[in-house]
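Per-chain numbering from 1; labels A, B, C and D assigned in written order.
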Amino acid sequence: MAGSTFGTLFKITTWGESHGKALGVVIDGAPAGLPLDEQDIQSFLDRRKPGQSRIATPRKESDLVQILSGIFDGKTTGTPISLLVPNTSQKSSDYGEIASYYRPGHADYTFDAKYGFRDYRGGGRSSGRETIGRVAAGAVASKILGRMGIALTAYTRSIGPIEADLSHFDRSAILSTPTCMPDPAADELACAYLKECMTEKDSSGGVVECIISGMPAGVGDPVFEKLDANLSKAIMSIGAVKAVEIGDGLRAAAAKGSENNDAFHMEDEKIVKKTNHSGGILGGISDGSPILLRAFFKPTPSIFRKQETVNKAGENITVEIKGRHDPVIVPRAVVVVESMAALAVLDACMINMSSRLEYLTDFYSQKK
Amino acid sequence: MAGSTFGTLFKITTWGESHGKALGVVIDGAPAGLPLDEQDIQSFLDRRKPGQSRIATPRKESDLVQILSGIFDGKTTGTPISLLVPNTSQKSSDYGEIASYYRPGHADYTFDAKYGFRDYRGGGRSSGRETIGRVAAGAVASKILGRMGIALTAYTRSIGPIEADLSHFDRSAILSTPTCMPDPAADELACAYLKECMTEKDSSGGVVECIISGMPAGVGDPVFEKLDANLSKAIMSIGAVKAVEIGDGLRAAAAKGSENNDAFHMEDEKIVKKTNHSGGILGGISDGSPILLRAFFKPTPSIFRKQETVNKAGENITVEIKGRHDPVIVPRAVVVVESMAALAVLDACMINMSSRLEYLTDFYSQKK
Amino acid sequence: MAGSTFGTLFKITTWGESHGKALGVVIDGAPAGLPLDEQDIQSFLDRRKPGQSRIATPRKESDLVQILSGIFDGKTTGTPISLLVPNTSQKSSDYGEIASYYRPGHADYTFDAKYGFRDYRGGGRSSGRETIGRVAAGAVASKILGRMGIALTAYTRSIGPIEADLSHFDRSAILSTPTCMPDPAADELACAYLKECMTEKDSSGGVVECIISGMPAGVGDPVFEKLDANLSKAIMSIGAVKAVEIGDGLRAAAAKGSENNDAFHMEDEKIVKKTNHSGGILGGISDGSPILLRAFFKPTPSIFRKQETVNKAGENITVEIKGRHDPVIVPRAVVVVESMAALAVLDACMINMSSRLEYLTDFYSQKK
Amino acid sequence: MAGSTFGTLFKITTWGESHGKALGVVIDGAPAGLPLDEQDIQSFLDRRKPGQSRIATPRKESDLVQILSGIFDGKTTGTPISLLVPNTSQKSSDYGEIASYYRPGHADYTFDAKYGFRDYRGGGRSSGRETIGRVAAGAVASKILGRMGIALTAYTRSIGPIEADLSHFDRSAILSTPTCMPDPAADELACAYLKECMTEKDSSGGVVECIISGMPAGVGDPVFEKLDANLSKAIMSIGAVKAVEIGDGLRAAAAKGSENNDAFHMEDEKIVKKTNHSGGILGGISDGSPILLRAFFKPTPSIFRKQETVNKAGENITVEIKGRHDPVIVPRAVVVVESMAALAVLDACMINMSSRLEYLTDFYSQKK
């Protein structure tokens, strides 16, 4: 069905394949009056680049965004913002081989099972390039949230067995290290581990963590539209994510109530929590503490070892995948996680504005 | 907003509070022609009961479902099925105390922050009784899936540190043990652990696992409506769930590609996978292997120890929660996980029917 | 599919058949803090009654609403409001005959064509009784709109060839005349016309008009979610409606631009329009003038004349429908039109609150 | 909010302003396997042109569509189809004057009331050019419906007081006459009437009629998602439409039941209706007869007479609008009506595929 749309009031629709003419997104429901230009979006897209090109200077002129609609006099008009990124650097390689069989760990087989055939060039719609639209929209959502005092910070928490030590959190390292870890020492270890993986013609999984600070209490809805439920959908919809945690996440399942409950207390006449095992959400509604989530990514499925699989003729075969493939998805996915979280949070904030009668009566009495 | 509705074509809307007159669900979009009576639904609701009452005979006559609409001549008519469960056994206890403060780990504070006040009796809408509507609808979805050859099995995988050993999987134990573990030996250990928790006025978290077998390949949608994304939302929307895994889940993040990729091969002229690290979903679309998911539940927040919190007057206080509270949520949540998974999978199956032009042309040429 | 849900933020789901156990509605997304009791809803439901019972005293105790959830301390809590009306007065007549053939002008054939069979008792889900849920929800929406200064007034504009003369608009007559016309003289003529129809074993169509006053300018969205588009869907979804007009409606199609354009001018430092051909909506957004719409109802299809039709065996037959059937639908539909208009307008008002960045920043800066 | 998306399973999202860089649409949910190229879409877009350019040869190279995604090997892949039309011919005229005041009959004032400011160039998002996306998507929907045996025919029924006589229906005249009337004689009269309007610096309204043939019985849903309700929303969402009729429409309101009911009878072992007052829909579900609808368009609001209005400074002023404006919207709107009807009908057909249990079990038993 129409699976390329996300959100209720802040709604985005992405389109485009790895090797088509372009990729893009339509953002519908952005509030009017936000100053916005290409650079706001480009700075997010640049974070999607591979480690070397992201930090290299001068950067390669690729994945350049164009704003096609929705902006006038430098500000959003409230009407759809159409963003487009031409596919300039995709080489028309020989995909004849890939076309004929199903790569393990990829969506080749499932797309064929669903649609009867597929655009096999570079993975088509199931390529990681599909996230360009998410990130472009995430840039807009993040800028709006910033105006509301809400900030998102995502980074690589671990790669394979190497975990960042957050006790010396180095914010600048997120954008400057190849792994996007906030811990240069762990980054070095992770780089060494990845080199090892490459030598072994193998790849690695990893974890992205995201913190959302400045969240007011009271955002999100009970039952099915819980803020954590929508965040989970947002994060799990990113290709290669296999698990999502909020707050203590899976550790909560092994904990006791006395360890997991967060005590409320008064601080500067405000209600705060002494700990944040909940990850900033109770009963699906933000509790005023920072929201904390984690996305678990599987290893890059394209590895250069011999692998068993079947071809379209229904024969068991052995294949060796060629081409250039990152040994880990995680560093490039950091900004994708941050973007998806921004989209889910902004939508919840917009929806929340009509949750009390007094909000409606105050709003409309001011209008008259 | 309208957070009590789930699904696109198979859509359910739940309602009701812990201590209101009744709880219920409206199922809209159930296909016509399914034989359905109260017993089909009651057998699911009975699985929501506490361990002793679930297996005791004769069972306590509580949480009895009534079908109010949508059935004629014993079959679904295609119009909304309204199911209602009267709240007979909820005692009008003295909730004056709870009304005045915010229980740690509960949604008391966040409901007040959002709505300005709350129905504090038994947790109101944030009570575990809210799941009655989910389970009643899940019974209907499961019966439909059964006709399609798709079966769901959920059980307790672990409680606190005690994990079921699936190498001697005992299906009958799921319904007969107090913990709903498919492993009577682990069940005994878990019961002992829970007794210890109670002695310490504490509670425990745990893990529910769900297997969906008989899934055809090709169900689910790319990008935002991925089958795993919708399953994650479905599961994470259950109160107390803090993490969700598909397939290898978080272990995938620590794995290498050569360990995580599943080899395809031919078996009886069908494409199958030699392993199932993916948990039955690739690129958001079912791959024909069983779907495997895990829900991580936090410990029951109602514990009998002294806890610090704040009251509505903005004072720091110490409280001791009274009443009857399970030391673990997990066994009663098993059928809730199974129900939510059924709802997400059935909706995806219905949506999938128009994914190819030939499906449309075949369908409508037969109608003429 | 799930066709029984209406609205985005203020969302209602209706259920129930003519001769089932009960009918009802779940209202999800009502803002918290609205004082609400059964009488608020009952007064709307009473307007659905046939002319004589509506104005007779003491009224027949039928279609009594029960509030099952969503209210605490006399106010809405922000969680789903479940309303139920038991089907007490539906006689279990002999429907064996109706079951076997397709009544002209009814949905008997189309339900069978879609679902394979149908609940034939009293029309099942396609009965006019389906509107009970709409009206119960409309009562809640109207009360909220009232707090916002927005008022709806619907009445019978015409029955067959008899049209109410609005130059002596008598508001009290809407509730007191059998036809719900705001013109007692026209009411008398219409009653005589209807008597004639009954003598001829025939029925009549008619028109309901609805005025929405107090609308602030700026509500509604461009393109597909235009306020008039959603009002049209709301009205056309009422059984028996065959046309909808906004403002001058079909007369606009015969007019010239100089006749149809409304001049803006300043009045008391506010922008107003000198005329209201637009019916209060320009470009899908409210323009501050009253919204004016008209619903055109076909005649009651159940007439007592001999009619040709086919039976389920595929034979051409002649039938004579029996039972009690109103010769006109319109007077009882007045409150249905008003209710559906209220639902569409309230939803648009709630959605509109996030249309500007400053609304978001002001709202959330006040929360912190 | 996100008002630029239409449809549930066949979902479209349009974007673009009159004088922006481009306009376009993303079609999500198109079934895989449909042969599709630019010419399929261009032929629809060409019907949006003004009368002379539409029939002139060689045609002016304007509004040329580009397919950016969703097609592989000449066929739809099931993933989003992104269509873009560059805004090449929009002159950057001097809009300084329009920017300062509110044109009567336009959405200038309501956009400002909603968003605080607007893109005033050529009407921005409220321009008729917004329909480019609708028509491009309508071309795809129509081609799919054609494969299913469903055909749509729209034409101008009347312009001002001049009505086409359908007793000599000339199909070829729809595409070849300047007015798109299927009656060359009426076309001549209408052209003369329009010339008169222009001389008087005035404009005219008119009516578009659309017939949908080949509709199977049983499509559409009861209650809120009635096929006629969705068609009404689709049509009323077109700018300048002020009324919608299905079948006899407003005439049904003046009729008697004996005149309005359609008798069923058997013909070639199929159930058909002797008349079609219902316009092919009963109870919101298609009845197998052709669907008939009418859209009533107001006159072009841009007229060259002096008009009273207010400016942004809040002063009463007199204005004379300049530029090139059609004296009637209707001929160019014919293909827009046809497109919107196609979108609504196709979505209903796709949704309908899961309405019976046997459809689901048959579908999935074939898949295994």
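As a working rule, a residue touches a chain if its C-beta (ideal position, glycine included) is under 8 Å from a C-beta of that chain, and two chains touch if they have at least 3 such contacts.
This structure is a prediction, so every number in the text was calculated from the model and none was measured.
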B-C compared against C-D, more contacting pairs: C-D
Chain C-chain D separation of Cα centroids, rounded to whole Å: 26
For chain B paired with chain C, centre-to-centre distance based on mean C-alpha positions, whole Å: 37
Sequence positions of chain B contacting 2 or more other chains: 1-5, 8-9, 14, 29, 32-33, 78-79, 114-116, 125, 216, 218, 222, 351, 354-356, 358
Topology of the chain contact graph, where touching chains are joined (line, ring, star, complete, other): complete
Residue ranges of chain B touching chain A (in the complex, touch as defined): 1-6, 8, 14, 102, 104-107, 109-111, 113-116, 125-126, 130, 158, 160-161, 197, 200, 202-207, 216-226, 228-237, 239, 242-250, 252-266, 269, 271, 274, 277-279, 281-288, 296-303, 305, 307-310, 314-316, 351-352, 354-356, 358
Residues of chain A touching chain D in the complex: 1-5, 7-11, 13-17, 20-24, 26, 28-29, 32-33, 66, 68-70, 72-73, 75, 77-82, 84, 114-119, 121, 124-125
List of chain B residues in touch with chain D within their complex: 8-9, 29, 31-34, 76, 78-79, 144, 147-149, 216, 218, 222, 349-351, 353-361, 363-365, 367-368
